[in-house]
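In what comes next, subunit A is part of two complexes: it sits with subunit B in the first one and with subunit C in the second one.
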Partner chain A sequence: MEEEKSSPPSDLTSESSLEHTDHDSNKATPLKKIDVLLKATGDAPIMRKKKWAVEGDKRVGWVADFIRKYLKLNSSDNLFLYVNQSFAPAPDQLVRNLYQCFGSDGKLVLHYCRTQAWG
Partner chain B sequence: MAEDREILREVWDGRVPVCIQLASEDHNTLSAPDPYYLMVPRLSYFPLLMDKVRKHFLRFISPDLHEEEMWLESDGMPLKWHYPVGVLFDLHCGGSSLPWALTAHFSHFPEHDLIRCPSREVVESHFMSSVKEADGLKHRGQIITNMQSKDHKQLWMGLCNDKFDQFWAINCKLMECLPEEGFKFIPFRIHFPCQPSLQRLIKPQTDDGRKVTLEELLQEFLPRGEGDRVVIQGIEVPRDTPLQWMSEHLSHPDNFLHICHIPTQG
Partner chain C sequence: MACLTYEEFVTGCRVLLQVSKELGDSWVMCHSASDSSTIYLSKTQCFKADLSTSISELTAEKSESPDEIDKLIEDFTQEPEPPDPSSVSNSTPGYIITYEYHIVYSLSHSVPALYFNAWYASGKLLTLKEVWERVSNQFCEQIADNKWNSLTQTEHPVLGRPFFQLHPCRTAELMSNVCCESEQTPKDVKKYLISWLSMFGPVVGLEVPITYYNK
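So, the complex of A and B:
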């Protein structure tokens, strides 16, 4: 049912729309979104747009589902996410926790791949 | 130090008694099957301990549920298998009544609250990921990446088989640091009974070389938690305990210090 959809889910905003929302800061977005940079590894398809603003209380599993949708993978297809090119965070880990501990230069870098890359 | 090794041993030997009942909606017999009692190691993970329990209950459930994943619940809360047993116990039971009463389910898997655990290998890779993450915080990942894969295996098998010496022969390398410096950061998570865990960066020492204590960690990340209980490995650790010492002695095998924040009732 999601196949038709080519645009990302509405709660992810692109850089440009993030700039836009910055103007009305009184809106119901109490916490600043986190810039997440998604990088393909191995034979994973590359995403044309790599940098996304994500709410900090989203889970890692939610980001994985988003990538699956964007790349039009099945929900059953394997997709692995890695931080620091070293460890796979639990799917219920919050993006904010990872950003606070492993973010650098104002963003969190996540590598994604379709087979286990870093054991 | 001998004294310290005794503490590691005490922590390793921690057990909690559990009594597991089959969910009433899942048994297809007239009367409920007998509950299953067992002592479970605090440092282990439920999927590693449930083979016998699953087998015990299979006789009482309808055949179409036989392939389903078994999940556990404590007083209405689904239990996250990827948290160590002791963390779940401190969060959801705390020893108010023993044994800890759990319910085993074979249907209605709570997809929103739990991650699927199709095999022991999933537990292993979750565990190794946590060890790598912790070493990333402590030593920029240098120790774990320089280890051989047989060392990784020995850590995991030591935990699975409850072999203290086997596990610590490797784990002591992950705890190495210069005494005057400590780890780069202390790997810790704060858990709450009903909300997502919190993880942040904290150094074991201030810039002028003073040891940072549990009290300072709590003040920084839980400023409004006065009066609430803070439990680590089942004990309320004195608040002036240095974080570096806690990280070396009270961490779980995944090398994280798991801090349970229990709000006062009412």
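So, the complex of A and C:
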């Protein structure tokens, strides 16, 4: 896999990081990107690049699909995304809403695990 | 392994009921006819038959397969077309399916288990095959890969009637990964059931709004 450099245009990322230090992001425009930190739990593979800037109007399902592609998972492999160590958001939930509810220190931490859930 | 004792399960149920009442949701507590100390939670919900496809429209991958992950972030534009109210739908007319969900304590696994039944407006129960087909898109391949071990019909432990069940065998393992930061950190009993429901409910159409967790 190639070496990742900071990916999105740096002016957009740094601008969004500065403006996300407070939680008053009701003023967030749809294009404002949110710093998302992806953390592995259990025996899930750890992503080499963990911190991503994601547009607020992207949905959780998009982030899940992205992690699947990054980790080269099959669609039959289990992947659970959750926030605050406990709650699995719906796939159609906006990243912006998750950040407003669960974000801290200017970022949203999303955990993912690959545990088989049923059976 | 993050298991629950029956007393912890009852505590979790009371918390979930309280939150449900505050949010105007419809969970109720039911008692066994033969033993009033045995409880389970129940909720009934109706769906239009095309509910699962609306989720697939929102999460479906439409971008070209990327060679670089970074390019994916920049170029991924997945916006479903806004619905045109003047367009005529040529799909089959929607029909209503009623789901009744039960949260029951599994004695053999010491975890909650999700049971449910589903029927058409005529009263006809869905078959197992139809239930498998209605699993939401996010999970359908995972279930299909192992369906006879994941989602089958079995006897309801309290009511004694056939109900569909998401197998609870791996629940403790999943919850220990999710809820417990380490072996030493005790699980939060009050949040356990809501966390568990947010993982298992969506598989069979039971969405848990984000407001449950804010309470």
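The criterion applied here is as follows: the second predicted complex is superposed on the first by the 85 of 119 C-alpha atoms of A that agree within 3 Å, B and C clash if a C-alpha of one lies under 4 Å from a C-alpha of the other, contacts with A are read in each partner's own complex, and residues count from 1 in each chain.
The rule we apply is simple: a contact is a pair of C-beta atoms (placed from the backbone, for glycine too) under 8 Å apart; a residue touches a chain by one contact, two chains touch by 3 or more.
These figures come from a predicted structure and were not determined experimentally.
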* Once the shared chain is lined up, is A:88 touching subunit B (first), subunit C (second), both, or neither of them? -> both
* Asked: If you stack the two complexes on chain A, which partner ends up touching A:115: first (subunit B), second (subunit C), both, or neither?
  -> second
* To do: Could you figure out whether subunit B or subunit C reaches more residues of subunit A?
  => C
* To do: Classify the contacts of A:70 with the two partner chains as first (subunit B alone), second (subunit C alone), both, or neither.
  => second
* In the overlay, answer first, second, both or neither for which of subunit B and subunit C A:101 touches. => both
* To do: Take the contacts of subunit A with subunit B and those with subunit C, and give the residues found in both.
  => 59, 61, 83-84, 86-93, 97-98, 101, 116, 119
* Which bits of subunit A are touching subunit B when the two form their complex? -> 57, 59, 61, 83-84, 86-94, 97-98, 100-102, 116, 119
* To do: Going by the contact rule at the top, pick out the subunit B residues touching subunit A in the complex.
  => 80, 82, 115, 125-126, 128-130, 132-133, 136-137, 141, 145, 149, 185, 196-201
* In the complex formed with subunit A, which residues of subunit C make contact? -> 55, 58-59, 61, 66, 68-70, 72-74, 76, 78, 138, 141-146, 149-151, 166-171, 173-174, 177-179, 181, 188, 191, 194-195, 198-200, 202-203, 207-210, 212-214
* Structure fact -> In their shared complex, subunit C is touched by residues of subunit A numbered 2, 4, 7-8, 41-42, 52-54, 59, 61-62, 64-66, 69-70, 74-78, 80, 82-93, 97-98, 101, 111, 113, 115-119
